[in-house]
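Look for chain A in each of the two complexes below; its partner is chain B in the first and chain C in the second.
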Partner chain A sequence: MLFYKAWIETRVRFLAGLVAAAVVCIFYLEQHAWLVSMWAADLQNPHGYHMKWMPLGIHEYGWYLWHYLYDNYLQQVWALFAILFAFGGLIRERNGGTVLFSLGLPVSRRRWLFTRLLVALLESIGLSLFAVLVIAVGSAAIHETFSLSQVLLHTALMVAAGVFVIAFGNLCYTLFPGNYLSLILTLTLLGAPYLWLQTYMQHMRYLGRTPWIGYLDFAHTMAGPWQITWTTTPWMALLVAWTLTAFLLMATVAHGDRLDY
Partner chain B sequence: MEIVLTTNSSHPHRFFATESISICWKAWRESRGRFFSALVLLASFVVYAVITSPGFLSRYNTRFPDKTLLYSVYVWTGLFHYALQGLWVLGAFIVALGGLAREKTTGVALFTLGLPVARRNLFLIRAWVAWAEAVAFGLASAVLIPVLSAFVGESYPFFQALAFGASMTAAGLVVVAFGLFLSEIFEGEFTSPVAGLCTLTAIFLGYRAHTLRGWNVFDVMSATTSIDPKTQLLTGGFHWFGLTICFLISVVLLGATHAVIQARDF
Partner chain C sequence: MAAVIETIELKKNYGNHEAVRGLNLSVNAGSVCAFLGQNGAGKSSTIKMLLGMIHPTSGGGSIFGHRIDEERESLLIRQKVAFVAEDKRLYDYMSVGQIIHFTRSFFPKWNHALETQLLERFELPPERKIRQLSKGMRTKLALLLGFARGCELLILDEPTEGLDPVAIEDVLQIVVSLAAQGTTVFFSSHQIAEVEQVADHVLMIDHGQLVLNASMYEVQEEYRQIQAVFTDPVEERDLRLPGVERVKIEGHIASFVASRNVDSIVEHVRMLRAGNIDVLPISLKEIFLEKVRARS
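What follows is the complex of A and B.
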């Protein structure tokens, strides 16, 4: 019943997420032929743009999928909806005036929280798997083949590192439950440090260093390398993401236990 | 002691009557958290884009010596025509959300409607506050560009930045009006943000990727038709025709929102 309640609360967001993920995937699958022809024309033209990645983009469809979807747009759409799935729960019910009905049930606050988070996680997994389905159907439609195992590994990596986003979104909503505030605040709290981190990491890469703070570059972790193997998986960064997720969940539980509804 | 309760304002037609200031304060209190959050996001992005520009430009110009990229082109293409504009749209849309429909869901709409202020004024004052906040986003982030450019050894004309900021906010009234409209249509906390942001993002990326073609509000916001193709700086006046169309669309959206508010049974 708790799962069903959480599902009822978030199903519209989930359906909107499916539409958004489908739009992003279809758009970049549709653009593939045009982009490849443009890059090929550029490479043949001595005055055109010659980038190191262009041969990869032309000849490796797997790289194209990874670059445009898992390293960029699908990842961003997925993260946005994972945050939205994580919003809600008892705090939202308090604002709506119905929380006492939920708290009157013989269910602990922690169980409410973790059921809600589990549904958010399942919906996030569902969203990422739906994207794989769209990629498979879309790639068949444009007569391109790709490694399904690589796409599934990228999906798994995106979700595995992205659990941090779910926990962070839920904590932000618990702490700042005002109308619409939590959404823009979560985006700011994730986006602003991310931009600073990118600036710093870009500088460090230019100097040829890999500082420890690179482990906090979760967008980079979620994307991973374009060909994932056991050795190229960013295990240390994943461990950091999971540790921080655990801390965020502990903070949410502690705050939720103390809250006077 | 005699206590007199009256709903008859002593200056019913004066716009800046005490009640208008109170409603203004209420709208500001409702949206200030969102305002400061979005402002930090916009400012962070501008700082990031300006600080990383020397490295990007030197790498680009070394790689393509025959296609030198000017700093003014970098600023217009990367900021006013793309990422800053996109973030401004996000911020302006988010601060426009709220209002009576949302208050109805949380059960406080009757307190607001109990005030001696017409629904029209409640809506217009909230719209003014949202618009003022959107103007602040546009001008603050635009002015930040020439200021920060000096610190990284580049220069960007102050009045050019101001003009692009003004163009973005003037045409962007459509986005604010769209946010106000959606927030009076949907009562759910997440329905209007999800519906609005998905729609705006799809249209924005559609035009930027040239999947959608033709006249669009985003080109008017970045003054695409009024710039020099080489320097991508404003050459003359604004595209007044485009701005007028944006203004008319905004008026239609605001009128529709007002009609929805008047017709709704709270």
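What follows is the complex of A and C.
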């Protein structure tokens, strides 16, 4: 029943997430032919815009999907909604006035927390799998073929590294008072370093450098390389993400156990 | 009789404010115990500590022998205790039927017959969303969710707040009927008439400290309002005797509440050459006011 409660509290967000993911996927699938023809025209024009990745973008549909969806926009939409799915819990119930009813039930604080986190994780997985479905249907509609196993691996990597986002969001909700304030602070605290680090690391990689802070570039970890194999999977960065996730969860539990309602 | 609830030197501070100050209380099994006090006296903080919702600053307590300050034991407590909070807000996105179904899943001894009976008695439509219920209807629903749990102990924080007189009467009857079936009831209230109607024991708290711990029988039999008219002026210290509460002297008239030793107090007053002594029964409300005024 706790799952049922968490689900009905978040189902509107989940449906909104599905719509957002569908919009992003459909937009970039629809833009594929136009972008490819534009890059091809650029490459043929000696004064045109030339980038190293352009031939890959023209000839490899899998690269196109990875670049626009898993390395950029779908990932960002997914991360945003993963945070929103994790939004809630006993602190939010305290603001809403229902926390005493919830805490009067024979359910431990940790069970409340982990049920909500599990539902958020399942919804995040559901969202990413829905995106795969949209990609499959959309690709068929534009007569393009792709490797389903690669897309599923990208999905798995996005979720596997993205658990950090869910845990971070949940800790922020537990720490900061006020529904809107906590949401804004969470998005700021997570979004600002996310975007800065992504930009900084892109620059570093362009220069051929790999500083240690690269392990904290979760956007890069979530995206992975465009062709995922056992050896190209960023295991070390995943380990860092999972370790930090574990610390965040421990901090949330410790703080939640101490709170007075 | 075994104590169901026990606290020992229970304290709770919020910053510099001492909400509960060394509370020692005991509630016996099968009793209907009223917990009285002004707003901010520490009633809700005490109840929340009993149920693990807030952590004691020091001291401790137990319910059914389980320690209140340990999460694992608190979980066992909440399996045996039905709690209805003062703030009776419920999940407003659920319907009446959904929240009953939700709550029922946590309590194996759920009383289905009582649930059906109360749904009808309180006229609660199962399909209606909680956000569409009036405050009174929400209170009735919260009480239904507490009463039907089939628990051994019922803790109610201001159970009748926001109810009309007919509903209040219904609720009090249910409390009495559950107590008759062996449920221990511990409830806080500002409605002293209700307390007199259903409680068999009274605990009174003021500024976080217990100021009265007596059975209703003791309150009715032993507490007396005494008014004495003296021929010569008397001073307050002349009337400082065991059992005498706050003394009020106006000219030659002294009035005070005696909590025990009424006969010896009257004898003492007589020896102070009181011309006229009236010994009157006193209501719980007057005792409450005396206790509160004496401390403030």
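To be clear about the criterion, the second predicted complex is superposed on the first by the 244 of 261 C-alpha atoms of A that agree within 3 Å, B and C clash if a C-alpha of one lies under 4 Å from a C-alpha of the other, contacts with A are read in each partner's own complex, and residues count from 1 in each chain.
In this section, a residue touches a chain if its C-beta (ideal position, glycine included) is under 8 Å from a C-beta of that chain, and two chains touch if they have at least 3 such contacts.
Because the structure is a prediction, the values reported are computed rather than measured.
After lining up the shared chain so the two structures overlap, which partner does A:V23 touch, if you call chain B first and chain C second: first, second, both or neither?
In the superposition, A:V23 touches chain B alone.
In the superposed arrangement, does A:R258 touch chain B (first), chain C (second), both or neither?
second
Looking at the overlay, does A:G178 come into contact with chain B only (first), chain C only (second), both, or neither?
first
Applying the touch criterion given at the start, work out whether A:L207 contacts chain B, chain C, both or neither, answering first, second, both or neither.
Touch status of A:L207: no partner.
Classify the contacts of A:Q198 with the two partner chains as first (chain B alone), second (chain C alone), both, or neither.
First partner only.
Specify the partner with more touching residues on chain A, choosing between chain B and chain C.
Comparing chain B with chain C, the partner touching more chain A residues is B.
Output check: A:F87 vs chain B and chain C. Expected answer is one of first, second, both, neither. What do you get?
first
Check the residue A:G97 against both partner chains and state whether it touches chain B (first), chain C (second), both, or neither.
Once the two structures are laid over each other on A, A:G97 reaches both partners.
Need the overlap of the two footprints on chain A, from chain B and from chain C, as residue ranges.
96-97
Which positions of chain A touch chain B when the two form their complex?
Residues 12-13, 16, 19-20, 23, 27, 31, 47, 49-50, 80, 84, 87-88, 92, 95-97, 176, 178-181, 183-185, 187-188, 191-192, 195-196, 198-199, 202-203, 206 of chain A touch chain B in their complex.
What part of chain A is in contact with chain C in the complex they form?
So the residues of chain A in touch with chain C come to 1, 4-5, 8-9, 96-101, 103-109, 257-258, 260-261.
Residues of chain B touching chain A in their complex?
Touch list, chain B to chain A: 30, 33-34, 37-38, 40-41, 44-45, 47-48, 51-52, 55, 63-64, 66-67, 90-91, 94, 97-98, 102, 105-107, 188-191, 193-195, 197-198, 201-202, 205, 209, 211.
What does chain C use to touch chain A in their complex?
48, 51-55, 71-72, 75-76, 78-79, 81-91, 93-94, 101-103, 105-107, 142, 145
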